Structure formats: C-alpha cells, structure tokens
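One chain, subunit A, links the two complexes that follow: it is found with subunit B in the first and with subunit C in the second.
After this line comes the complex of A and B, so read on.
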C-alpha cells in the first residue's frame, strides 16, 4: 500500500507544482515571479508532525488535574433542560477558559490532549458565537505545522475546528491545510486501529 | 436505427477516436469499452455544463488512479462523487471567469491540479493545493500579484470539511471510545486506577 500511495502522492505533488509552472501564456519574468510569490504566500502548510502520548507515571497532582478538567467539561455541558441563551453560553465559555488556565503539573503528557479538548470546545463555542477569529487565534498556535501534535483524536478534531474558523475568517490556506492535516491524522489513527 | 440514434452513434465514434488519440499521445494503453473510468470521463464531457476542452483521457487516468488506491470506508463511491462534483463546480466557475482565448492553456493545468489534489486528499494524503490569496493579499487588478488565479473555491473547502467530519465520525465508529466529557472522565478513572496500583507497588 505504501508504495502505491507514495507514488500517487508524489505524482500529485509534481502535478500540483505543474499548476504553478505550466502556464505558457505568462508574460515577463517579473510577472511570473509575482504570480508565484502570491501563490506561495497562499499555499497551505500541510506539514504534519505527530508524537505518541505515552502514559506517564501517575501522581496525585496528575490525578487532581485530570479530575479538575473533567469537572470543567461537566460544567460546560449544557443541562438538557437549560435554554441555550447567551448567558448560558457565556458561562460555558468562562468555564472552559478556566480549564485552559489550570496549571499543568509536571510529568503529565496526557495534559496536552486534555488542553486540546478544552480548546476545541472553547473554539467551537466562539465560532458559534460569531467569534471565528478568536477561535483561530486560540487554536492556530497550538496546532502550528512547525510543532508536533499528539497522535490523538483530540488533535484531529481540533484541526477540523481550526479549519472551520479559518474558513470563516477567509484564510483559505489555513483552512485547507488544517482540514488536510486532520484527514491525514485520522488516516494514521484508523490504520493503528485496524 | 433512427436518425438521432445514428447521429449519436457517429458522435460516439468520433469521441472514441478522439479519446484514443489522446491516450496515444499520453502513451497510455487503449481502453476497454466497459472501462468505468472512461465511462465517467465521457459522462463528464457529455455534461452541457462542462468545459468543451475537458481532457477526457486525463480525467479517465486520474479516475483510474483513484480507484487503484487502496481505500477504507471513507473512500466510498459517495466520497468520490463529492470530489468529482467539486471538479464540476470548479469547471463551471472557471468558465465564467476566463476568456476563451486563454481557457485551454490556463484552465487545464488548474483543473488537473484540482483533480489531483482532491484525489490525493481522498486517498488520505495531503497535497499542497494552490489556493486563492487571502483577501488581505489582494492588490490592484493590474498588478502581477492580482493575476494569481483562485485555485480553491468555497465548494472545495466544503468538500474538505465534509471529508474531515466524515473521517472523524468513521474514527469514532471504529474506536468505540467515549467522547467529550465522558472521555475525560474515563481517563480520570483509568489514571486513578493506575495511581492506586503504582502506590501499591513495593519500592
């Protein structure tokens, strides 16, 4: 499978470059350079570096942190009979922000996944509330292509939300790159499960 | 055979001849008449909304690659149909924004790039597509930078979004793990169990 896929991906990449390079009606070199420059500036960064979260040696501080995050999630869950009004939404957002502000104990790699989960819910609430830029500003640094992200469902979901936020802010390159990275992440996760 | 049928038969024969010539030019083997990818390419070309200069052989070849790539459940016929639907939409939008004199030289590479990009994404890989500049990078209409053509449309982003969400749902079905609050609570329970075991370990 890998050889087939490598072949297709390589071929696709080469043909993708051809999109930039095979316009036989391009004018001066400066014009071509300008076009290429503009396209490079808007090219999505689809790099995906991942790392496995290896369960750490459990500590009391670690358990307290995880339980605190679980309590934050429970607080952010809207009760079935609660109206989805602005006040309730603001309370949920405030709870999730408190969760992200919790100090992370040392030696707890699982916290990375937990923080991504909190950030994803917070970003979702902001996007629903029309604050896509805020959601993008929150998730983009956590999921920067230059950084390694946990090989976990939470990363894949966060990337989808980042794509949603970028779509709304008009950052097509970030949106496409994020969706593409999430698809690739899920492909890796599925292969591990199968 | 009726008159219209005869005419259609002639048109089909001419089309088949054109396809054979395109394939020969690409160095590809002649196609069998029951080739599904060929049928798809022909149907795309037969669509009145499609570009008249659509490269059937290229589309056929790419469709063949898409079928040849080992796929999982997310690579269903429906998923592939979405990809091709996007290509159709892209073709329509390109038709309205490109002059006929430049259409063949400019739209074919872009169409080809879009086809390949989406096929690669459907295969679970990330291709670096050429995207439209964000609004902030637009300059005056006469500047060279402004001539960079938009290469990813809202429809294509919608396809990517749909694929990503479908992948998430498929992953959840496969893993069977809890989500959201339930997942964090399960993690806390498991962590507490491990802590208890660890503290009970001598030394």
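After this line comes the complex of A and C, so read on.
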C-alpha cells in the first residue's frame, strides 16, 4: 500500500514538473507562432495542394447520405420561388446547416465534394445576408492552404466565395490568396480538358 | 392582217423525227432502271460509265441493314461532335471564370502596389486568363468547321462561379 502511494506521488510530481516545464516552452512557442501568423496574415498564401476524388461504389449508407444531401438542396431550393424574405432565407440557411451536420459515412470520398457544395451555398447565403465573417469562418478551415482540397470545380467555386467573403471582411491577404488558388485550380482543370 | 407560216419541206420533218428517235434510243440505257444503287468511293469492277462502288442490294432486308448502318454512323458522328462541343463549352466557361476572378484579384493587388506578392499573383492571373482565352478560341475555331452547330464563338461571360 505504501509503495503504491509512493509510486503515485512520484508520478504526480513528475507530471507536475513536466507540465510546468511544458508551460514555459508552450508560452514561447505560442509567441513565435503568433509572430509568424501575423506576418503570414499580411501576405497572400496561394499554396495549392489537390487530390483527385476517385468515384466509389456507394454502400447503402453512402447512398442514403447522397439522397439526404440531395433532399437538403431541394429544400434549400424550394423557398427560392417565394419572395426573398428573411424567413425564407432563414429556412434555407437552416436546411444547409442541417446538411453540413449530417454524419459522413465511411468509404464515400465524394462526400468531401458534397460537403463543399453545401458549405459554398451556406456561405453564399450568409454573404448575401451581410454575414461575410460567418462565411469566411466556415470556409477558411475547409480550404486552408495547408490542406489538400479536391481537384474539382466545386473547390474552385468555394475558393472564389472565400475570396468574396474575405474581400468584404477586409482581409485582403486571404482574399488574394483564395482568388489566386482558385485560378490555379481552374488552370489545372482547363489543362486536363485540353 | 396577214400572217406568214414558215413551212418546212416534208422530207426535212421526217428526217428530224427519225434522228430524234435514234438519239433517244441510244442515250437511254435499258439496264439503268434495274441497276442497283452503289456506294460512292468503293471500287466497281464493271466496265462502263456507271456509278462507282460496291453493289448494294435493293431488297427490303438489305435496305433495312443499310439504313441501320448509316443511322449508326450518323449517331457516332453526332456523339463526336457533341463531345467536342461540350469540351469547348467547358473550356470557355472556365476561361470566363478565370478572367473574372483575375479582375477581382488585380483589384485587390491595386490596393497594395508596393507588395510584390500581390503583384506577382496578379501577373500570374493575367497570364492564365490570356492562356485560357487563347485555349477557348482555339477550341472553338478548331471545331467550328467540324460542326454546323458549334458552341459559343466567344468565351461566354457566365457567372462568377467556376
């Protein structure tokens, strides 16, 4: 029993030391990262990494997901015939948010493109509604330059929309970087067609 | 009022009729009506000035077979033309989108004249826009002769969305 107590105490002491040691280190790292981010924020980042989406044979879950996304798009389309009032817009936004919250089944690589399509529509609705910052916050993590994005027109469209949102929020570096990346994406798609 | 009728000698009239009959008989080929149609461009070993090609029968099954073959060929040509049309449409649509985004990008770069990274992105975008337009025009020009109903002859300025 006493040996157990000693062991636990030693472990706790070690962990405490480690945490204290890491704290100092983490603090300095955070400062460095902050400086780097501040520098990067003023410079457009037009890095583009892409990957091809290979069509798969959907499983039952995959098909259900595709149908659910299609239903969400239909729902978001429906109120478009009605007057563009705040209620109709809110319904569209709510439907698209539900679409993005759908759990993605395994083995459906196309889901990445479907999610980008939903996010693009949602961001577009937010920009139209004067909520460019929300649109930027939604799209920026999905399309971060450090991430690989699907080589598809939907990605290029999403990048253009991120540029539009960033233009409205006054983030010129993000806007220029996003526009530049969308052009590079479309250039690759163009060369594939030739 | 007097009218004067020009009268030919009887022998001249008879001779004319006779020569006419001979000419018609020689010019008409009694086989022509029964000769089957041929496909141009293929070799025909028969002598004479008849149509060149391989004999194709006139029976209903043969005509049916030929109709099906020609319909198939026409469908294949239409598919090829449609593929070309779609490819040009996609190229020109991308070209229009690239150039629209380039304008937005260079508008931002104009606000940062001293910053090389913005200027470099703008230059790159302008170059890409130019290449894309050339590509579109080349595609349309190349296929305009192939298809009567070619797609848009100019890069269609579509929506901003790619």
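Just so we're on the same page, the second predicted complex is superposed on the first by the 148 of 194 C-alpha atoms of A that agree within 3 Å, B and C clash if a C-alpha of one lies under 4 Å from a C-alpha of the other, contacts with A are read in each partner's own complex, and residues count from 1 in each chain.
The rule we apply is simple: contacts are C-beta pairs under 8 Å (C-beta built on N, C-alpha and C of every residue); 3 or more make two chains touch, one makes a residue touch a chain.
All values derive from a computational prediction rather than experimental measurement.
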Applying the touch criterion given at the start, work out whether A:92 contacts subunit B, subunit C, both or neither, answering first, second, both or neither. neither
Go through the superposed model and pick first if A:77 touches only subunit B, second if only subunit C, both, or neither. first
I'd like to know which partner A:69 touches here: subunit B for first, subunit C for second, both or neither. first
Have a look at where A:134 lands relative to subunit B and subunit C in the superposition and call it first, second, both or neither. neither
Classify the contacts of A:171 with the two partner chains as first (subunit B alone), second (subunit C alone), both, or neither. first
Between subunit B (first) and subunit C (second), which, if any, makes contact with A:60: first, second, both or neither? first
I'd like to know which partner A:115 touches here: subunit B for first, subunit C for second, both or neither. neither
Between subunit B and subunit C, point out the one touching more subunit A residues. B
Going through subunit A, the residues touched by subunit B and also by subunit C turn out to be 43-44, 46, 153, 156-157, 160, 163-164, 167, 172, 175-177, 179-180, 182-184, 186-187, 189-190, 193-194
Seen from subunit A, its contact residues with subunit C in the complex are 43-44, 46, 153, 156-157, 160-161, 163-164, 167, 172, 175-177, 179-180, 182-187, 189-190, 193-194
Under the touch definition given earlier, write down the residues of subunit A that touch subunit B in their complex. 1, 4-5, 8-9, 11-13, 15-16, 18-20, 22-25, 30-35, 37-39, 41-44, 46, 48, 55, 57-60, 62-63, 66-67, 69-70, 73-74, 76-77, 110, 114, 117, 121, 153, 156-157, 159-160, 163-164, 167, 170-173, 175-177, 179-184, 186-187, 189-190, 193-194
Residues of subunit B touching subunit A in the complex: 65, 68-70, 72, 102, 105-106, 109-110, 112-113, 116-117, 119-121, 123-135, 137, 143-148, 151-152, 156-157, 160-161, 163-165, 167-168, 170-172, 174-175, 177, 180-181, 183-185, 187-188, 191-192, 194-195, 198
For the complex, give me every residue of subunit C touching subunit A. 87, 90-91, 94-95, 97-98, 101-102, 104-105, 108-109, 111-112, 115, 117-118, 121, 124-125, 128, 131-132, 135, 139, 160-162
